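Beneath this line is the structure, given in structure tokens, with notes to follow.
For reference, chains read A, B and C in written order, and residue numbers begin at 1 within each chain.
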Amino acid sequence: MATRLTTAARRGIARPKVAHRARRAGREALTSAIPLLLPALAIYALFSLLPIFLTFWLSFTDSRGLNTSASFVGLSNYGRAAADPIVWQSLVHTFQWLLGHLLMAGGLGLILALAVSRLRLTRVVFRTAFFLPHLVSLAVVGVIWANIYDPFYGLLNTALDRLGLGALSQGWLSDPLLVLFSVNVASSWQGFGLYMLLFIAGLQNIDHSLYEAAEIDGANGWQQLWYVTLPGLAEVMTFVVSLAMINGLKGFATVFVMTNGGPFYQSELITTYIYRLAFSMQDHGLAAVLCVLLSTLAIGITVVFNHWRGRLAR
Amino acid sequence: MLRRTLLASAAAVLATAGLASGAQAQTLVMWGPEQITEPLIAELWNGLKADFEAANPGVTVEFMPPTGTISNGAVQSAIQSNAGPDVILTNSGIARVTTVVDAKLVAPLTAAYAERGWDKQIYPWLYAELQRQRGGEIYEVPDGLDALGVWYHKDMFAANGWTMPATYAEFLDLLGKIKDKGIMPIAIGPRTAGSAGHLFGNMLQSASGSEAVGKAVSGELSWTDPSMVGGAVRLRELVDKGYIDKEMAALDLDGAARLWFNKRAALFVAGPWFTANARKAEYDLANAGYAPMPSDLGPGKPTGGVGWSWLVPANSKQPELAMKWIDFILSDAVMKKRAENAASTMIYPRALDGVNPPTAILGDIFAAAAAGVGYNPSVYLPASVVDTYFQVIQGIISAQISGEDAMAQIEAKMAEVK
Amino acid sequence: MSRRRSELPAFAALLPALLLILGPFLWLLMSSLKSEAEIGQANPFALPKAPMWQNYADAWQIGGFGDLLVNSLFNLAGVVLLTLITCAPAGYVFAKLKFPGREWVFYLVIIGLTIPVQAIVIPLYQVLFNLGLINSLAGITLAQVSNGIPFGIFLMRSFFAGVPDELVEAARIDGASHTQILGRVMLPLATPALQALVIISALSTWNDFFLPLVILISPEVQTLPLGLVRFASTYSTDFRLVFSGTVITFLPVIILYILTQRRFTEGLTQGALKG
């Protein structure tokens, strides 16, 4: 309290020269900030920012890989990207993937968080167990789920057969309409745990008295969920949504392991196409264009979302 | 006790130091072979290593387990890193070798062929092919060839009175009979890119002949030419007739091979390396039969090409030793030892007399390939085309595109390269 | 009200979900005890005829997991340490110091959060190569730290932003420098967030497959996930070893998580949500 008074007093005295003082304070802050920021920024600039800028430069060249001479070709790679139907297809898939990840991983996280929060005795057990898939690396997730989805010997189709639901068995990874969804389920299995933990924490922060008040007003369970719980989760929700969108956009490993974009490009994401362009086809120029596209998308989504979130908060 | 240990270790240090300062001590770092840590393979290669070290005092051979191939960039980054290998054994083929040649990562071996007589130690047709590929300059020494054909179960065929036919019409007829028995006629795992190409290459050669396929992969004949599209159209027919299950589009080679080893499927297109898969699955290799894909154009032959090659990195620290190693590999003793070893899974780059292959089926494959092998387009097509090539095969098998469409897409990519 | 009701209905509803979600683990454990031929016969519900514990010994031996484990531990320790040293001060600066251009520097950092490493791996390789850091644990560690810095800074900034400004101002009036404030006031407060950062960076390093595949070439510098590659060749895979090797790789992580899960949850949520 005393501190607050002192600062207020100081501010009051300083008011006539406020602009000048602010500038000086800013400079002072900068001098203290530099040594604290330097370790992080030095590493980050060298191993992340520099490669990002080099990629940008590559997108204007005809580079075909290591040690080959690359010359400046202007916007021709951008023209090729625009004319390549697979680029457009993979762009659509990337948005479908992102949305699927948001709904499946985010949704499952929310539902399980709501259910787990109702537990007392066994809460920790369930919370811990549900988080386990998140500990598995995505490459391993791909190997496990490719075996689960095997049309002839897989866990899923075999289980359906045994349950007498053989009619439901599918070519989970061969059907053009199913494949992206199937891989996304595997990816969401790995991803939902983190979102669930965040939602559980958000639920703990909701004021209990709100529920009591709602009870007195005669609200049933659904109404409590709708009018108390979900609004109370708004802040966590925005955090989870932004995290899930970024993770969705970065989706790569499960598709790479399970289908490598196939069959016939039906599960191609921008990231998997970049990888094959660079490593199989040695077309580094076009790959770089797609990197630029992906980065632009990521930044665009983040900015738009933050803007929307800011307006919502107001 | 402690003192004795100290003395012993001091002696050991001195001995090592003495050895290290000797001009003789050299290490040859070798990239490969795949699965070098597997006991059967390790036993063979540790034996070769010991022989080579005995013949070259002071030399130590060190194996590096590969993390991948040229196709996924592993070989390139291994060469680039200066800790990289001195000699490399890896999956080859003209497209892959072109990638590392263009990146100036491997040394030309043309002079060594002449000086060391390697030109006489591989099949003449193979040497001619290598000379043709890059205007006379050669960068690889073939270690093994692939010979892709149709594998079948002898007991299943005998029980049903089936035989491998001579013509394609009879082949179709056979597939129908197999399907009527409730057995899947052909298993294929196109998610393993190479495997997709094995069946497709067989189909193309069966329909158009190896000469046409050879011209098509080198760009002299259009893929949409009526004389070329037959194989692709036939593959789509096999899918439409249910001889190839659409759901196989999602399988990889292991998944498809399972169907064959468990006899749920009757036929599988593969090369001599399939013996390794069979061994792991505990499939009785005496029951395996092998025949080229039937063709109306005359007696069939396997498709294939150079499957594995030796490369010498441009920055090899031991180029002279690498040459000696290749001499050693090409020697009669080593060739014979490898060809008779249980870990043997390929065709050797020259005719070997008096060799007893470890399994009968390898003998059959050696015989089928003795007159040369046709083209497996996967290893001949340029890198930028081959990805499209694999994708359209998946497109046909999942019944998304027609044979004509598939060939048109390959041709469009070929046109970009030209 | 709902909170006082019996937990039975929720428990009953969650049990099948638990089975479904942990099912893949059971399948993996079971498969890891089968022989290669049994895996090839591929009846996913069949129990192993005789549990092949040998698979684990073979995976350890053939994959050379002993050396890989040591490398993985060094790699992990390096990444965790550097991440803490870099992200905690930077997060503090972005949360509490107002200097010209702060927003722009922060956006530059956030860009990294959105770009998958696959997209920039080729130039990254060139940078590492020119610094002589290819095929070295130092190189992979720096690349992974850099890759994790955006999230680390984001997490620490969120946490520090939730600490009242008055604490900083009071210390300033007492004449403390920002470095002192960070060391004496902020870091002790931030223990839960630091724990979360440790666990997240440790987890992503332990499981990282892609960067080691590109950067670590010699067997003597490789990390655990690359051991699994040794069980596969172009045309055939030893699944019994892949499965048992996978279990070996993630067993330590699971045990560590179960032991620290309470602190982890605390740190993660305080770090992320108090911002």
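Convention: a residue touches a chain if its C-beta (ideal position, glycine included) is under 8 Å from a C-beta of that chain, and two chains touch if they have at least 3 such contacts.
Predicted, not measured: the structure shown is a model, and the values here were computed from it.
Chemist: Hey, how would you classify the chain contact layout here, line, ring, star, complete or other?
Modeler: complete
Chemist: When A-C is set beside A-B, which has more C-beta pairs in contact?
Modeler: So, comparing the two chain pairs, more contacts are at A-C.
Chemist: Can you tell me which chain lies farthest from chain A, using the average of the Cα atoms as each chain's centre?
Modeler: Most distant chain from chain A: B.
Chemist: Whole-Å distance, chain B centre to chain C centre, using C-alpha means?
Modeler: Averaging C-alpha atoms per chain gives centres 37 Å apart.
Chemist: Hey, how far is the Cα centre of chain A from the one of chain C, in Å?
Modeler: Chain centres of chain A and chain C, defined by C-alpha means, are spaced 16 Å apart.
Chemist: Where the CA atoms of chain A average out and where those of chain B average out, how many Å apart are those spots?
Modeler: Inter-chain centre distance comes to 40 Å.
Chemist: Which chain B residues reach two or more other chains?
Modeler: In chain B, the residues touching two or more other chains are 73, 80, 258.
Chemist: Considering chain C alone, which of its residues make contact with at least two other chains?
Modeler: Residues 42.
Chemist: For chain A, give me the residues that contact two or more of the other chains.
Modeler: Residues 66, 150, 152-153, 278.
Chemist: Inside the complex, what are the residues of chain C that reach chain A?
Modeler: Of all residues in chain C, those touching chain A are 1-3, 5, 7, 10-11, 13-14, 17-18, 21-25, 27-28, 31, 42-45, 82, 85-87, 89-90, 92-93, 97-100, 102, 105, 108-116, 118-124, 126-128, 142-143, 145-147, 149-150, 153, 166, 169-170, 173, 177-179, 182, 203, 206-210, 225, 242, 246, 249-250, 253-254, 257-258, 261-262, 265, 268-270, 272-273.
Chemist: How about chain A: which of its residues touch chain C in the complex?
Modeler: Where chain A meets chain C, its residues are 3-4, 6-7, 25-27, 29-30, 32-33, 35-37, 39-41, 43-44, 46-52, 54-55, 58, 66, 112, 115-116, 118-122, 124, 126-133, 135-140, 143-145, 147-148, 150, 152-155, 158-159, 162, 189, 194, 197-198, 200-202, 205, 208, 211-212, 215, 221, 224, 235-236, 239, 246, 249-250, 252-253, 271, 274-275, 278, 284, 287, 290-291, 294-295, 298-299, 301-302.
Chemist: In their shared complex, at which residues does chain A touch chain B?
Modeler: 64-68, 146, 149-153, 171-176, 179, 259-266, 276, 278-283
Chemist: Applying the document's contact rule, which stretches of chain B touch chain C when the two form their complex?
Modeler: The touching residues are 34-35, 37-39, 64-65, 67-69, 73-74, 77-78, 80-84, 91, 192, 194-195, 253-254, 258, 261-262, 270, 273-274, 276-277, 280-282.
Chemist: Tell me, which parts of chain B touch chain A in their complex?
Modeler: These residues of chain B touch chain A: 71-73, 76, 80, 99, 102-105, 190-191, 193, 245-252, 255, 258-259, 264, 383-384, 386-387, 391-392, 394-395, 397-398, 400-401.
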